[in-house]
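To keep things simple, chains are lettered A, B, C and D as they appear, and every chain counts its residues starting from 1.
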Amino acid sequence: MNIGVVGLGRMGGNIARRLMDAGHNCVVHDVDAKAVDALAGEGATPAHSLDELVAALSAPRAVWVMLPEGKITEDAIAALAGKLAADDVIIDGGNTFYKDDVRRGADLSSMGLHYVDVGTSGGVWGRERGYCLMIGGETAVVERLDPIFKALAPGAGDIPVTPKREGRDPRVAEGYMHCGPAGSGHFVKMIHNGIEYGLMQAYAEGFDIIKNRGSKELPEDRRFDIDVADVAEVWRRGSVVSSWLLDLTAAALAGDPGLDGFEGRVADSGEGRWTIEAAIEEAVPADVLAAALFARFRSRTDHPFSDRLLSAMRFQFGGHKEAAGPETKQSKT
Amino acid sequence: MNIGVVGLGRMGGNIARRLMDAGHNCVVHDVDAKAVDALAGEGATPAHSLDELVAALSAPRAVWVMLPEGKITEDAIAALAGKLAADDVIIDGGNTFYKDDVRRGADLSSMGLHYVDVGTSGGVWGRERGYCLMIGGETAVVERLDPIFKALAPGAGDIPVTPKREGRDPRVAEGYMHCGPAGSGHFVKMIHNGIEYGLMQAYAEGFDIIKNRGSKELPEDRRFDIDVADVAEVWRRGSVVSSWLLDLTAAALAGDPGLDGFEGRVADSGEGRWTIEAAIEEAVPADVLAAALFARFRSRTDHPFSDRLLSAMRFQFGGHKEAAGPETKQSKT
Amino acid sequence: MNIGVVGLGRMGGNIARRLMDAGHNCVVHDVDAKAVDALAGEGATPAHSLDELVAALSAPRAVWVMLPEGKITEDAIAALAGKLAADDVIIDGGNTFYKDDVRRGADLSSMGLHYVDVGTSGGVWGRERGYCLMIGGETAVVERLDPIFKALAPGAGDIPVTPKREGRDPRVAEGYMHCGPAGSGHFVKMIHNGIEYGLMQAYAEGFDIIKNRGSKELPEDRRFDIDVADVAEVWRRGSVVSSWLLDLTAAALAGDPGLDGFEGRVADSGEGRWTIEAAIEEAVPADVLAAALFARFRSRTDHPFSDRLLSAMRFQFGGHKEAAGPETKQSKT
Amino acid sequence: MNIGVVGLGRMGGNIARRLMDAGHNCVVHDVDAKAVDALAGEGATPAHSLDELVAALSAPRAVWVMLPEGKITEDAIAALAGKLAADDVIIDGGNTFYKDDVRRGADLSSMGLHYVDVGTSGGVWGRERGYCLMIGGETAVVERLDPIFKALAPGAGDIPVTPKREGRDPRVAEGYMHCGPAGSGHFVKMIHNGIEYGLMQAYAEGFDIIKNRGSKELPEDRRFDIDVADVAEVWRRGSVVSSWLLDLTAAALAGDPGLDGFEGRVADSGEGRWTIEAAIEEAVPADVLAAALFARFRSRTDHPFSDRLLSAMRFQFGGHKEAAGPETKQSKT
């Protein structure tokens, strides 16, 4: 198939490459001309403007937009929509807020265009492993784009078949899913990231407890000096907690067991936040997912006002001075 | 009444003073002879050893031990027990772990002595306001000590009477309660402190959100610059969140609205920890009390291993660098 | 002063009464004519339509709207705005979302009108205790309305003066605060309610742990049978956790110690939810406030899908059957 | 090798079978003679008493005890210890509390015996997949038992090699790890289970939010009807959240998408509880692991006292009635 790709960053470039590997023809565009030229050198058709891109595609056109979430994506899609013709499709493969998808889907539909939102998981590994795709949009359009999704998805691979899936949508076991109408793809991807935060925090807390069991602040007879890199590795085999994130943890710890290369200020993206807002909208408790998000907020603040207020209250009622020293963990009132 | 007081620190000294104010005769002892002499100057009978203290009391004796929780208290009580006679009482007014009380109560009982544990709330304000007392021990012994408890407790004061308490124990409305057998007093005090952590953290988070609403990292049209000292003050009157802790918060913020005098490293005592362990023993969810405890742990650690591990995982799967700058709150993936 | 009151429910009716007690003249309106007539019988000027209400007020008019948050308030304010004249003021005393206030303030301003948002705390007790008022709006307008706010607020009462407040806004110590521009009043009220949830949950968990200490599922030597009604009462005097919410807890437990009159399905209002969203917007951790909100969600769901999924996973990996019986707390894998 | 196996339940029986598959000779004992005979029919040497078992083993003997945690294990080990000779080894493969291991290791050592604790993960799948083993004990003894551990462990399999592990203990990549002295094996297994709870709860909350997005209580334009069984399946390929637990989730949902076969009362074992206690002992925040544990407690209680207390407080301050109906999620104050 013939497809446009707008946005050739880490994700967009690799998506174009994986599509070309599968024999698709990609017309590529980026505000950075060098990125366009680089992919042209790998076989893509270069487009140095959206007009060029639209002109180089055959109708009904399909354009995959892979840009940072927010105004940049919004503007690019608006610009594209003005240049496309009836029955063309815009695919947003980024991390758009699902409510923006719902709105955009309706807007483009009223212009005679189609909108498909695709949550794309896989990070820097996707080029090689394939991307897990969560797709929202009209059924006929999603089917029209099937060769694209099939090429990007990981395929069944050697992952064991789940029993009792007979009669269910076979695309899902290839790693791509049509979740529902516009917005539902990014909704599922949002929850995916929310869960990702929770899983990461669960591992992080567990390893922290193991690490601190060797702390000099514990009485000597309660200490264990346990090699956390080996723990991560051993759990990869036969344990209940084996996962891809654990594989990555094992890799990180094998190279740097003290994690001295990191300071511990952890960014968060919109999805983790929107997950909590979606939970609140539905009145569904999300204690673990929220705690994981808050841990990231906390990681980026040295001494929050809240902690200083606790100290101030304790000083008021008990005359308590603050805990001394940088890491006095065992101190008591 | 005639009573011994062992341990003349901030709490023990004030307890002796409040007892003497009420006309009781205190025989006081401390390892620090100067503390003994100081209280003697205020009217107490000095005892420079436990033997002197025991000798100066009339049988059946009562000795209030007010020492730091743990080995110091344990040793003092063991030493006292060796010197006392049948039917004498040891009162532990400190912050002892309730399971230690249960054990001690049984041990002393087998020696013919009595043991009473008293959870004592009120901090530096207790001398003036009176101490809220949560008492565990045998009924007859608790009744024998009633003049002591009555003197230490705040009394009914001008606090409105709770309706429908007719026929209930009148001591409770005077600020002291016989909770049950040995250990139950410190059990109730432990929960009191667990709740205290939860209340404090609730205020701390709320004020933090108000404070950060003025942050330059928010878009200008979403900011409010709100005076947190005034907020604390206004809530003291007629609002649902008025409390003694709020009074203290208002006082702290009036003097230092930015709380620049505090760094935010918040100590925790045994009670907050034991509260969670008691909840776990009973299989009772304690999400808020646990989160409040963990916030204190976190306040004393600059960059936990857990946060560094999150950064390491993110680097592995996404090539993500860490959030830059000390307080970059709005950063995204 | 002369003021209109629209909405004569529990809150609006009492606000009119408290204003009249202070000598203000209230023109009152409600869609329920009987509510209007009832207040007319207590001295208010009845208005059976918004037109009548506007006609009965002298310019510059002030109208206090006290209606359920959302579309009802929105529609009433729009209708009023169409009938008022330049320099008139609309006061929203309800529980409006602060971002709606910001929008409305700008809209009304462009029509030459003024908008004041007032967070009103005090519930059914406000008529007698006074209402704690958190006010957002233009300075001159808030000052013009000062007699109204002063009459509704509790006043200084016999609450101890906070030290170091010399030179600070004296209205605050009377129980009303001008927080900032439109929206800031409801913002502060929102956080007030968020904190309220946290405080309530802290007490609830603590009392639950005390209550369950008497459970037959604990080994007999770990049990205490403690009277929770007495615990609530004793903590009202001299303890660190004394508060108005504790007063109410003591009252509730004195009348019904087992709380058999309640099932435990706990509603939540917008403010608790918006508090968490505000925290997320600011990247401020709010573990306790979020956990308190989620506990309410959980209280209204009998067996969430999440719990059933945990059971399903356990069955898959361990062949574990579910815990038997309704309250089997101590069960183990 | 020659090894005794005491306790032939689901876990113990399969361990004996996997050892025999690898050519080891197992002398098996259980209080249930039928279980002994059944395994004898599969090639094991039956022992109908501990004396028989000890007699049938050659010195230095090794006995793997696989019994329920607590008194049963404690008693069996004490009985065995009385029958074994110097240099024999007792292996506890169950879910013992690590502090009990430390004590037992010292006790047995003073009797001239050796003690090895083995955390064993793998559940009903271990027979086929192999067991992930976390081992604590003396180095020489652990090495002596190497053929046993190697046979039980999964081996390297086709799991990708972690880079930069050159020079590290090769046993770990075979799925078994010598973690340190007695107790350290069960310590690591305990944390493993703590993490397991966290991971499970993260998935459970995420799927709950997806499921409830189809709820009739949401406005129609905010609903998505998403097939959760397909979501679990699609995430198994190429996504960041792929894991063995997700494989199990996909299997559970494929067979029963509404999970109607489960009620949602989720048991918890000691390890999840001890993990939180270990975190508290070290002053390490464990918000996610604690929240996951509390969710299980909550799942087994229909209407906790805490929720009824919230309702009672709300009734006191606002006259609020409780939320009506069994699942009224969207209700507001």
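Rule of thumb we're sticking to: contacts are C-beta pairs under 8 Å (C-beta built on N, C-alpha and C of every residue); 3 or more make two chains touch, one makes a residue touch a chain.
Protein identities per chain, from UniProt: A, B, C, D = 6-phosphogluconate dehydrogenase.
No experiment lies behind these values; they were computed from the predicted model shown.
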item	value
A-B against A-C, pair bridged by the larger set of C-beta contacts	A-B
Reference chain D; chain at largest CA-centroid distance	C
Chain centre separation (chain A, chain C; CA means) in Å	38
Euclidean distance of C-alpha centroids - chain B vs chain C, Å	30
Intercentroid distance (Cα basis), chain B paired with chain A, Å	45
Sites on chain C at which at least two other chains make contact	123, 125, 201, 203, 205, 207-208, 212, 240, 245, 251, 268, 283-287, 291, 294-295, 297-298, 300-301, 304, 306, 317, 329
Interface residues, chain B side, partner chain C - complex	102, 121-123, 126, 129-134, 153-160, 162-165, 168-169, 172-177, 179-181, 183-184, 187-188, 191-199, 201-203, 205-210, 212-213, 215, 217-218, 221-222, 224-227, 229-231, 233-247, 250-251, 254-255, 275, 278-279, 281-289, 291-292, 294-295, 329-330
Parts of chain A lying in touch with chain B, wherever the complex brings them together	10, 69, 95, 123-125, 200-201, 203-205, 207-208, 211-212, 245, 248-249, 251-253, 256, 259, 261-270, 287, 291, 295-320, 322-324, 326-329, 331-333
Contact footprint of chain B on chain D as seen in their complex	240, 268, 273, 276-277, 280, 283-287, 290-291, 293-295, 297-298, 300-301, 304, 306, 317
